[in-house]
Amino acid sequence: MSAQVSIIMGSDSDYNVMRNAASILDEFGIGYELDVVSAHRTPQKMFDFAQNAHKRGIQVIVAGAGGAAHLPGMVASISPLPVIGVPIKSSNSIDGWDSILSILQMPNGIPVATVALNGAKNAGILAASILGSSNLEIQEKVLAYKENLKQQVAQKAENLRNNA
Amino acid sequence: MSAQVSIIMGSDSDYNVMRNAASILDEFGIGYELDVVSAHRTPQKMFDFAQNAHKRGIQVIVAGAGGAAHLPGMVASISPLPVIGVPIKSSNSIDGWDSILSILQMPNGIPVATVALNGAKNAGILAASILGSSNLEIQEKVLAYKENLKQQVAQKAENLRNNA
Amino acid sequence: MSAQVSIIMGSDSDYNVMRNAASILDEFGIGYELDVVSAHRTPQKMFDFAQNAHKRGIQVIVAGAGGAAHLPGMVASISPLPVIGVPIKSSNSIDGWDSILSILQMPNGIPVATVALNGAKNAGILAASILGSSNLEIQEKVLAYKENLKQQVAQKAENLRNNA
Amino acid sequence: MSAQVSIIMGSDSDYNVMRNAASILDEFGIGYELDVVSAHRTPQKMFDFAQNAHKRGIQVIVAGAGGAAHLPGMVASISPLPVIGVPIKSSNSIDGWDSILSILQMPNGIPVATVALNGAKNAGILAASILGSSNLEIQEKVLAYKENLKQQVAQKAENLRNNA
Amino acid sequence: MSAQVSIIMGSDSDYNVMRNAASILDEFGIGYELDVVSAHRTPQKMFDFAQNAHKRGIQVIVAGAGGAAHLPGMVASISPLPVIGVPIKSSNSIDGWDSILSILQMPNGIPVATVALNGAKNAGILAASILGSSNLEIQEKVLAYKENLKQQVAQKAENLRNNA
Amino acid sequence: MSAQVSIIMGSDSDYNVMRNAASILDEFGIGYELDVVSAHRTPQKMFDFAQNAHKRGIQVIVAGAGGAAHLPGMVASISPLPVIGVPIKSSNSIDGWDSILSILQMPNGIPVATVALNGAKNAGILAASILGSSNLEIQEKVLAYKENLKQQVAQKAENLRNNA
Amino acid sequence: MSAQVSIIMGSDSDYNVMRNAASILDEFGIGYELDVVSAHRTPQKMFDFAQNAHKRGIQVIVAGAGGAAHLPGMVASISPLPVIGVPIKSSNSIDGWDSILSILQMPNGIPVATVALNGAKNAGILAASILGSSNLEIQEKVLAYKENLKQQVAQKAENLRNNA
Amino acid sequence: MSAQVSIIMGSDSDYNVMRNAASILDEFGIGYELDVVSAHRTPQKMFDFAQNAHKRGIQVIVAGAGGAAHLPGMVASISPLPVIGVPIKSSNSIDGWDSILSILQMPNGIPVATVALNGAKNAGILAASILGSSNLEIQEKVLAYKENLKQQVAQKAENLRNNA
């Protein structure tokens, strides 16, 4: 299965969060690749990655980073693909505010699709819904996923009513 | 030209910001529709909109709202389409923090692709890059747009060096 | 004893906080019901709940949710009943600011009676004082509760003066 | 028409905001009284007010204050009535954070039903829904008010679609 | 030794912080009293305390409280004495911002001398310097205390240079 | 009338705020001096000021500064006198948070009595209550001032009730 | 005079702030160059600039940017030179917090010397003190500059004492 | 090896963070000294240190402090050397915001080169790049350090791709 989504992160310490993007894509049966690409420590690699991802068949990029998180925005400045940014609450972060604002507040012309703090799972779901917007098979899976959420809540609600 | 993008907003007073999403889609030659849909004042309309948008050929939803901004997240909870949320700094907003956090911090399972405060223009560009991820003609336009940004900066830089 | 108060929450993981609303209503001898209703995962159930609660004899709704907490506001947009919102500090919350602002900063027309972060006990007391505003028996219990708080402080103050 | 709601404020400079609570109660046909009661400048008057309001037939208190806003919480500590707090963004306020947190974050035992910054209109609507929870005539008016909001949005949406 | 300073707190759970005010006053040989006085749970006791403290020979009041911390400001609104406010970071506090702003941002006319979050020790030193401003013996002790701080740093600096 | 209070500020641009401390001391009939002393631009002058103020008969220091406001804390580190700090919201300040935190969050051993943002008037009143703690004549004036606040509110309340 | 300092900014709209860095370098007689280099709009130009600045004789880089400000950090990731970052409070910025945190909170390995919001003048002075650390002539000018600040304060203080 | 860099801190409890500045300077082979200098507890020592450091051959000062952190700014007000400020997240700090703002937001005329919260390692690297701006041997080491970061990321990326 060839990769449609590229999941990159600024540091291998981000993998513990970013793996949740991979897991949910596995669930949706969507191919992906995983790499460490640091805007600050490997700027040339980041540059090459962003210039070429769409030429390799990648359709969506998911990029996670913490602190002064420049990776999602820098990739978005170069690549024509939609870039989903995952702010990561790293150690010495200021409660995550730094990564949120560094990813969210991009200037006019260069959007990043930002999700919640540590929201890698949601980044994966968003990637699926983006692919699904032109692929009905994937869109059906997204709808089924939402239906399943509903069933889970129904079960939990019943447990609560019975046991509370 | 049929609408591929639906631009909705919680109040007609948001139009002054949200029109920038429409303008940039005009520039890209992408069809869109515009509507006022309030999660709080017209919950049933919002519900119907979200359940049916993908059936009408809409591929991306752009939703702007201010204050305790529930529209993007509520639409995302129902629709299988990617939803781009635009936090709007309305009057009596607390510097925009309320709309940012109400849109960004969605729970696991229900992502919203959040852009910067008042970032409707970026929402339009992000919609284009999402459509472009499976449509090479649009992707080319996104690349051309980025190339154009570069030219503009080059011109401004020359002006600055000559006149400063 | 039929339920006068409905205590709902966005996730069963909120029960650990929301049980404090139930406990204090038990103390006041006020009937209540408990359920999991998610604005995002079960939007139709939320919709039905909000449209019908007042028809079933419910007089006050207490709704707790974390993160981008839309449940209290969405219920308030549909139901004519007073809705008390309890912001919950969930994991990956940004210190609770997200749930506070998502519940508190409702637009004109749709109020939510917001209490402190994790303040489910206070939500229960507020429900009692709302019922008590047209029911002297309950109002007497609220006054007695406040008198009791005073006694407890007096005892603790004496302990402190004796032992410090 | 005797007063069911008491609207108090910490300073006459708050009247510009708090008048919106009065206006909406006029619309609902609910009687109210208006007064300046300062927790800090007239503590004895505040004390007397809070001890006696429920004895005079008042059923709901709406209290607005800015900065380190102690009025709503102090009144709630004494009166058995539900107290709705309106944080006011006064001059030299720190963007309203001070009044929000001073009103919202009450300790266990003493709830204040907090509404949005400068949200006096919503305070009036909340007062109506509280009265309506035991008075079907008022509850009908609250439902009609919500229906009316829907109509207004429908009209504005049509204008936007026609003119945008 | 009769009490010149009155140390009060909103809850006995604040004692763990507030005891540091008592300890440093012991070090300075200044008499004090300790009590639990809650603005919210014992408003009448607070009222009586504030009206009478200066008549009993108290010269400085130190008041600690957490959350929506009204005790220091309410006492300052009634008593002519200088009131030192200690914001306490209680559980469910929002990182202490609520208690800081509730104590610091008092309106014109009613100052509270606010110290750092959990800064009870500094409150005791400030009380000493206030008493010392008209009592040379105490002022000498304050100067000696500062001299002692200098010595301690000199010792620690030497240890660091020798062992680092 | 010799100066009992020294009012200093980091820049002459702070005078517009700090004059309110002077005005209220005039009202209380308390002597004061005014000076510009910058911790950053005139560190030696600041040093000399702080070492000698108490020797010249000064009993209370009021120090205002904006941004990274070091003046109150630096003076408090040297002088045995109580130092009242006034955070000033200067241009390029971050909403005043910088000056508040730079003055309030002093380390153990070196308290600053912090008042509200731009709260120079309250700094003057606090200085009066500090002097009044050992001078009954001044304490009487403080009590009269509070009584006067009450009268003013009574008048404004009557106006509001008559005209609203 | 050849350029020792390179002043770059993300947008020509930043020039109004960044010109203050140029002015103070003029005052110190230090050569500089000015350019617009956008991390997001001209990533390749930024890359080339950062790789070559030190080869052209530049010794210090001053980089200003607003919002999600990636320019200073990206340049610092490539260049061996000290990079001084100036956070700029642009329109739609969130009070400047976004640019401050995006510049300040760089990960280990890639420092940016951050100055205050809009602090371009201080960036120029810092550049001078960096050059002065190995050039006594410039260091003398920095000392003279500080001496001059002292004189200015002395003059302003005298004016205040005479005219207040 | 004589000291080119002086690493000072406000308290010996800051050493756990500040040692990282020393370690990285060891790695670069740059001489340094370490001392405890408190702006608040040893103001005269701080004064003497700042007046003399450049006369002793020191070229860069690294100063760490927490809370209302005045040490870096006070030293910068006196010394002509570049001062790198390290905000330290101490106990009772408000998430580090107090130390960040107290160091960063210096007034015009007195810059401090601020690095990230607890960013002592980056302070050391910045000191090296400052020395390197006029010393090609050190500049080469800084370039080699950046090259090494790149290698480390390459290794970690390979591990991730192989094992994820």
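Read from first to last, the chains carry the letters A, B, C, D, E, F, G and H; within each, the first residue is number 1.
Rule of thumb we're sticking to: a residue touches a chain if its C-beta (ideal position, glycine included) is under 8 Å from a C-beta of that chain, and two chains touch if they have at least 3 such contacts.
Fair warning: this is a prediction, and the values are worked out from it, not measured in the lab.
A.B. asks: What chains do subunit B and subunit E have as common neighbours?
C.D. replies: Joint contacts, listed by label: C, D.
A.B. asks: Work out which of C-D, A-C or A-G repeats the contact pattern of E-H, with more than half of the residue-numbered contact pairs in common.
C.D. replies: A-C
A.B. asks: Roughly how far is subunit A from subunit B, centre to centre by C-alpha average, rounded to an integer in Å?
C.D. replies: From the centre of subunit A to the centre of subunit B is 18 Å.
A.B. asks: Please report how many Å separate the Cα centroid of subunit A from that of subunit F, as a whole number.
C.D. replies: That pair's centroid distance is 51 Å.
A.B. asks: Using mean C-alpha positions as chain centres, tell me how far subunit A is from subunit E in Å, no decimals.
C.D. replies: Averaging C-alpha atoms per chain gives centres 49 Å apart.
A.B. asks: Roughly how many whole angstrom separate the Cα centroids of subunit B and subunit D?
C.D. replies: Their C-alpha centroids are separated by 35 Å.
A.B. asks: Multi-chain contacts only, two chains or more: what residues does subunit D have there?
C.D. replies: In subunit D, the residues touching two or more other chains are 11, 41, 67-68, 77-78, 94-95, 97, 100, 104-107, 109-110, 116-117, 119, 146, 149.
A.B. asks: According to the definition of touch, which chains form touching pairs?
C.D. replies: A-B, A-C, A-G, A-H, B-C, B-D, B-G, C-D, C-E, D-E, D-F, E-F, E-H, F-G, F-H, G-H
A.B. asks: Can you name the residues of subunit B that touch subunit D in the complex?
C.D. replies: So the residues of subunit B in touch with subunit D come to 11-12, 15, 19, 22, 33-38, 41-42, 44-45, 67-68, 92, 94-95.
A.B. asks: Inside the complex, what are the residues of subunit F that reach subunit H?
C.D. replies: Residues of subunit F touching subunit H: 10-11, 39-41, 43-44, 47, 66-68, 70, 73-74, 76-78, 90, 93-94, 97-98, 101-107, 109-110.
A.B. asks: What does subunit G use to touch subunit F in their complex?
C.D. replies: Of all residues in subunit G, those touching subunit F are 89, 95-97, 100, 116-119, 146, 149-150, 152-154, 156-157, 159-161, 164.
A.B. asks: Applying the document's contact rule, which stretches of subunit A touch subunit B when the two form their complex?
C.D. replies: Residues in contact with subunit B: 54, 59-60, 77-78, 80-82, 84, 100, 104-117, 119, 121-123, 125-126, 129-135, 139, 142-143, 145-146, 149.
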